[in-house]
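Let me give you the structure first, and then I'll get to my questions.
The chains carry the letters A, B, C and D, assigned in the order they are written, with residues numbered from 1 in each.
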Amino acid sequence: MAHDLGFWVLQALNALQLSMLLFLLSIGLTVIFGLMHFVNLAHGSLYAMGAYVAASLAAVGGYWMGFFLAPVAVAGVGVLLYSGLIRRMRRAGPMAQVLVTFGLIFALLDLTRIIWGDLALAIDVPASLSGRLTLLGIEYPVYRLFIIALGVAIFATLAFVLGRTQIGAMIRAGVDNDCMAACLGINVERLFFIVFCVGCGLAGLSGAVAAPLLSVTPDMGLQILIPTLIVIVIGGLGSLRGAIAGSLIYGFVQTFGAVLAPQLASVLIYALLAAVLVIKPVGLFPAKG
Amino acid sequence: MFRHTTLRYATLALLLAGALFQALTAGYFGLEILTEILILAMLVLALDIVAGFGGMVSLCHGALMGVGAYAFTILSTSAGIAPPIAMGGAVALSGAIAWIIGAICSRSHGIYFIMATLAFGQMAYSYVFEAPIFGGDDGLSGIRRLDLSLIGLNLNDSRTFALFCLVLLGAVYGAAVLILRSGLGRSFSGVMHNEQRMRALGLTVWRVKADVFGLSGMIAGLAGTLAAQHIMYISPGLLTWTVSGEALVVVILGGLGTLVGPLVGAAAFVVLKHEISGITPYWHLAVGLILIGVVMSRSNGIFGWIEKRWGARLDRRLADATRSQDQKEVTTDA
Amino acid sequence: MLKTRELDKKFGAVHVTRQVSLKLERGERRVILGPNGAGKTTLFNQLVGELTPDSGSVHLAGEDVTSLTVAQRARRGLSRSYQKNTLFDGLTVEENLGLAAAVHTGHATRLWGDSLARPEVREIVQEVAEQVNLMPFIHAKVSEISYGVRRQLEVGVALATRPLVLLMDEPTSGVGPEMSKAFHDLLNNLPRDLTMLIIEHDMDLAFDVADTITVLNYGEVVFDGAPNEARGSSLLREIYLGSWEDA
Amino acid sequence: MKRSILAALGLATGLALPAAAEDIKVGLLLPFSGVYASLGGEIETGFNLGLADFATDAGVTFEIVREDTEVSPPVGLAKTRKLILQDEVDVLVGIVSSGVLGAVRDFVDGAGVPLIVANAGNDEATGVACSPYITRMSFSNGQVNRPMGTWMAEQGIGKVFTLAPDYAAGRQMIEAFAETYTAAGGEIVGQEYTPFQKTQDFGPYLAQASASGADAVFVFYAGGEAIAFVKQYDSFGLNETLPLYGSGFLTSPLYVNAQGEAAEGVITALHYAPTIESDANQAFVAAYVAETGRVPSEFAVQGYDAARALVEAVQSGATDRDSLANALRQVNFDGPRGALRIDPATNNVIQPIYVYETVAGENGLTQRVIAQLPAEADPVNGCVMAPVSN
């Protein structure tokens, strides 16, 4: 099939959209890892929870209510998780932490089933974001552009916060060397708490944003977990740069792989991951050398 | 480094007695459960060798088991090779693939290693899922069990098959102990404790890792050939990462790096799952909460907890009589 | 036995090793002195193969080993100990030594038979344990022995590969003065044909043990000679005391 | 530890009481957890409703033992073995996924226990892998789509782009459609299979479809993928330029409301739509709504008809496993889906196919039946089995 330029622009936008969705999800996970050195496997479950909360709220108060409150609600769940489990697991070693969050996946999966049932839910795109925009000679759904814009905005905000503010400096110090950070008088425990909750909130936000695009099902968290992990591992754990690079790589490989080599579509990204790890065993842009 | 303590021997004897009793007396469903436990036990044994004694926390052991199952099926059905040879071929293939994965991933550590193995496992899964000769997600049927009529055994009988699996599991356990006690196994433990030092001593670390990973893959492949013969049907579901994840949960639930613990974990996990899923469809919730509880208890799984609680006492009592070094070995590297 | 030719290494703009040429004869005991940041450890890492020099070469027993890996050099007889204990923590002293000895005897990668039970391995373990005074602790775990004993084990593990050249990175670091003295005796009692290269911060060790002394400053060899020459060297005092005062 | 295993087994054997002579013991094998849990629930509700409607005057009591397959073939097989060997059920009903059906097929066939398949649509199950003991009351993948190919070509749609998830069911559905569609003169201008349950964004495929020059798109998706697909299709505005057709699972009443307005105007073909106009269907729908508050889906009617087939077989005088299996092969009745009968050559149900459009109704979306396509028997497809004995 021969394709015109518009087709490729369209696909590039698709790739960008997928990248940004994954970026929203992976950034929370990667910063939590960078700072606290553990991989929260339940991150995907928090994303599913965000989608469910958003769907419930949207049914009552419309899309924007879900959009704004779902992240808050999921951050609230993060508060509970942190004070109930994570804080006590701080010194338990990474393996134990991974397992606790593995247990959380199981528990949260069934909790969503008990609360919301097995049937899929959905949210409608709000009127202000429905429809399509014509740009560069192609029509593109506004909602997808909104996701791209949101991703860029969050990226810019985080880059600013991490790079230019006091708390960002503290987080960077913590990522570099938590012992040193503690010596400098930073309240590491509080910093962890804040970052963990913000990370959870971002997972909730991505759930709320993805809900109108996808379907809200109990296993959505499990389905997104692997792509998210691939993103942060390709990019390198713990860094904003890694998260954005990993997301873009995943989005573009997935999208253009589907177009150019459809029979390889499902293997391509795993092959890429394996290749990256062989060449750079700690990902492309790890937080620490 | 692996050591047998009195408690470990006692637990092994208890497990063996329980399994034998079960195999000889249980009803049909009991035998199903027993066989499921035995096959899972073999898989988690393979995983414990690499994860518990070499820090190679693999998320591709489910896939390796699947490779064994598929290779056995293809070789014994489509290719028409005699089942015992097909089993050997399948085990060799799983081992070879595991060796290659182990060699490639040997430079990665921690979460990167986990993800790298996950990637290879998922590649195998995607390949099997999509390749027509493997029957796609419809799977393959028509698998025959080994014909042991020469020695008067009929494996198509559930009881005999369960005993057959038990014997193989026993052999694998013995092999695992031998592997861990061999020079290779010792060096492998050394690498987990301090990879940099082993390298500086002149050890070709990647080879050691790949070799042990390959051996572990052979065991996983053997478990796969048994799984195929048990169910007499295979599907790509065998290779998904959640199978590996579950195996990892079992290893840790039982007690990482104790070899005996994962066996206890396999029994506990399967029984627990069946009991809870009989009561509620929300068995994930219960299993998840139990897992969290076990990890939060800060012991090394169920068996680690038992060792901490009773192991020292038991050994001290024995040590009083015989004055051995067991006492020191009790708390061990578990 | 061990020779370097014009080793050069830069990290970005920082020139950490400048044209370093060393030559150790068989059985020679050389101590490398120098203030913090003089490039001692970087040089050391280039010798053992953890870093690749930008230019220059390393020769071991007449063979150019510059392009060999750490493990390959170790198998050719280059063994090292670490400044920070790098031991197998969950294991006993005996097992620590055994693991190292097994690598030397070739049992470390064999699938058949317990390497630690091999007579050749046991013999080496026994011998090394006696050399570094570890016999009383032979069955104790690393976590059960004192810091000073761990330092001995650190050297013991390096010795258990039966090296031609033993490189030691501050073997007595963190050890009290009394213990330190005993440590020097221990080193002096090692077989005379063992070539030793020791990085040291502490001058006493240098004078107690060394046949020759090399002083590094800003990555450059500024002194190469016998200990008594060094003792009188004003250059050395200047560098050393100067930097000490800074620190 | 051991004690608990023994306790579990003691408990299990305690349950295995032999059934009284006039009782029929039914093993209900459905996923109650895992991705298809909602389908399991739907089928079970339909099945219970069917027993309530028809079994009261059958003169026997049905005892049900339900087991969760967890959508996992090994688990499904273990549960099947338990039901057959330990609970000694007379008949098995259920099975949602083709994988589980493949796993239990040989065992069920060998044990000679009748199995009424209430969903799994794999063509081979009533083809090369058919068994006199396995009767399918649901559908086969090919059956649902074959008539649609001809119908679409007859509507003057000349060029079609197809999309489906890359797994056996997806391929069988599309191949059956393509076979009749091209035979009737249509042209397939593009065909893509998306990674099954791993595709978050259908955008890349949609762009290809729209660039392909097709007159329409024909797809098969189900469950969560169906919801995402239909919504994304609409968001690109393709509904306006490139009409969407599909296998009816795409817009199943089970989740069409989650698709919302995006599903309006989508035309699909299936063996059931809740708006079929017949007394039998209206009664069923009313009963189902009264029970659950929801309109029944095709899955519910499959459960309902499975129960009815079982009751009819029993009423015809069957009492044990063999006679039940034999009687099930001869079942025929008029149900909510219209006239149903079992094809004795393959044991697959023969049923009409309905083309329906999803339209806005008073309470959300509803289905407007456009055409009823005649029932056709599946090709024998390599099925060889003993004929029905009389």
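We take it that contacts are C-beta pairs under 8 Å (C-beta built on N, C-alpha and C of every residue); 3 or more make two chains touch, one makes a residue touch a chain.
Owing to the predicted nature of the structure, the values given are computational and were not obtained by experimental measurement.
Contact with both subunit A and subunit B is made by D. With chains reduced to the mean position of their C-alpha atoms, the one farthest from subunit D is C.
The mean-CA centres of subunit A and subunit C are about 48 angstrom from one another, to the nearest whole unit.
Subunit B and subunit C have Cα centroids lying 42 Å from one another.
Centres computed as Cα averages put subunit B at a distance of 37 Å from subunit D. Chain centres here are Cα averages; for subunit C and subunit D they lie 73 Å apart. Shared interface positions of subunit A, defined as residues touching 2 or more other chains, are 110, 113, 266. Within subunit B, the positions touching two or more other chains are listed as 126, 129-130, 282-284. Multi-chain contact residues of subunit D, defined as those touching 2 or more other chains: 33, 37, 166, 195.
By the definition of touch given earlier, these chain pairs are in contact: A-B, A-D, B-C, B-D.
Residues 14-15, 17-18, 21-22, 26-30, 32-33, 36, 126, 129-130, 135-139, 141-142, 227, 230-235, 237-238, 264, 267-268, 271, 274-275, 277, 281-284 of subunit B are the ones touching subunit D in the complex. On the side of subunit A, the complex with subunit B involves touching residues 33, 39, 85, 88-89, 92, 94-96, 99-100, 102-111, 113-114, 222, 226, 229-230, 233, 237, 263, 266-267, 270-271, 273-274, 277-278, 281-283. Considering their complex, residues 1-2, 4-6, 8-9, 12-13, 16, 32-33, 37, 68, 70, 72-74, 77-78, 81-82, 85-86, 98-99, 102-107, 122, 124, 129, 166-169, 171, 195-196 of subunit D touch subunit B. Residues 1, 3-4, 7, 10-11, 14-15, 17-18, 21, 110, 113, 117-122, 124-125, 130, 132, 139-141, 143-144, 210, 212-220, 223-224, 227, 254-256, 258-259, 262, 265-266 of subunit A touch subunit D in their complex.
Looking at the complex, you find that subunit B touches subunit C at residues 1, 179, 181-184, 186-187, 189-190, 193-194, 196-205, 207-208, 211, 215, 325, 328, 332-333.
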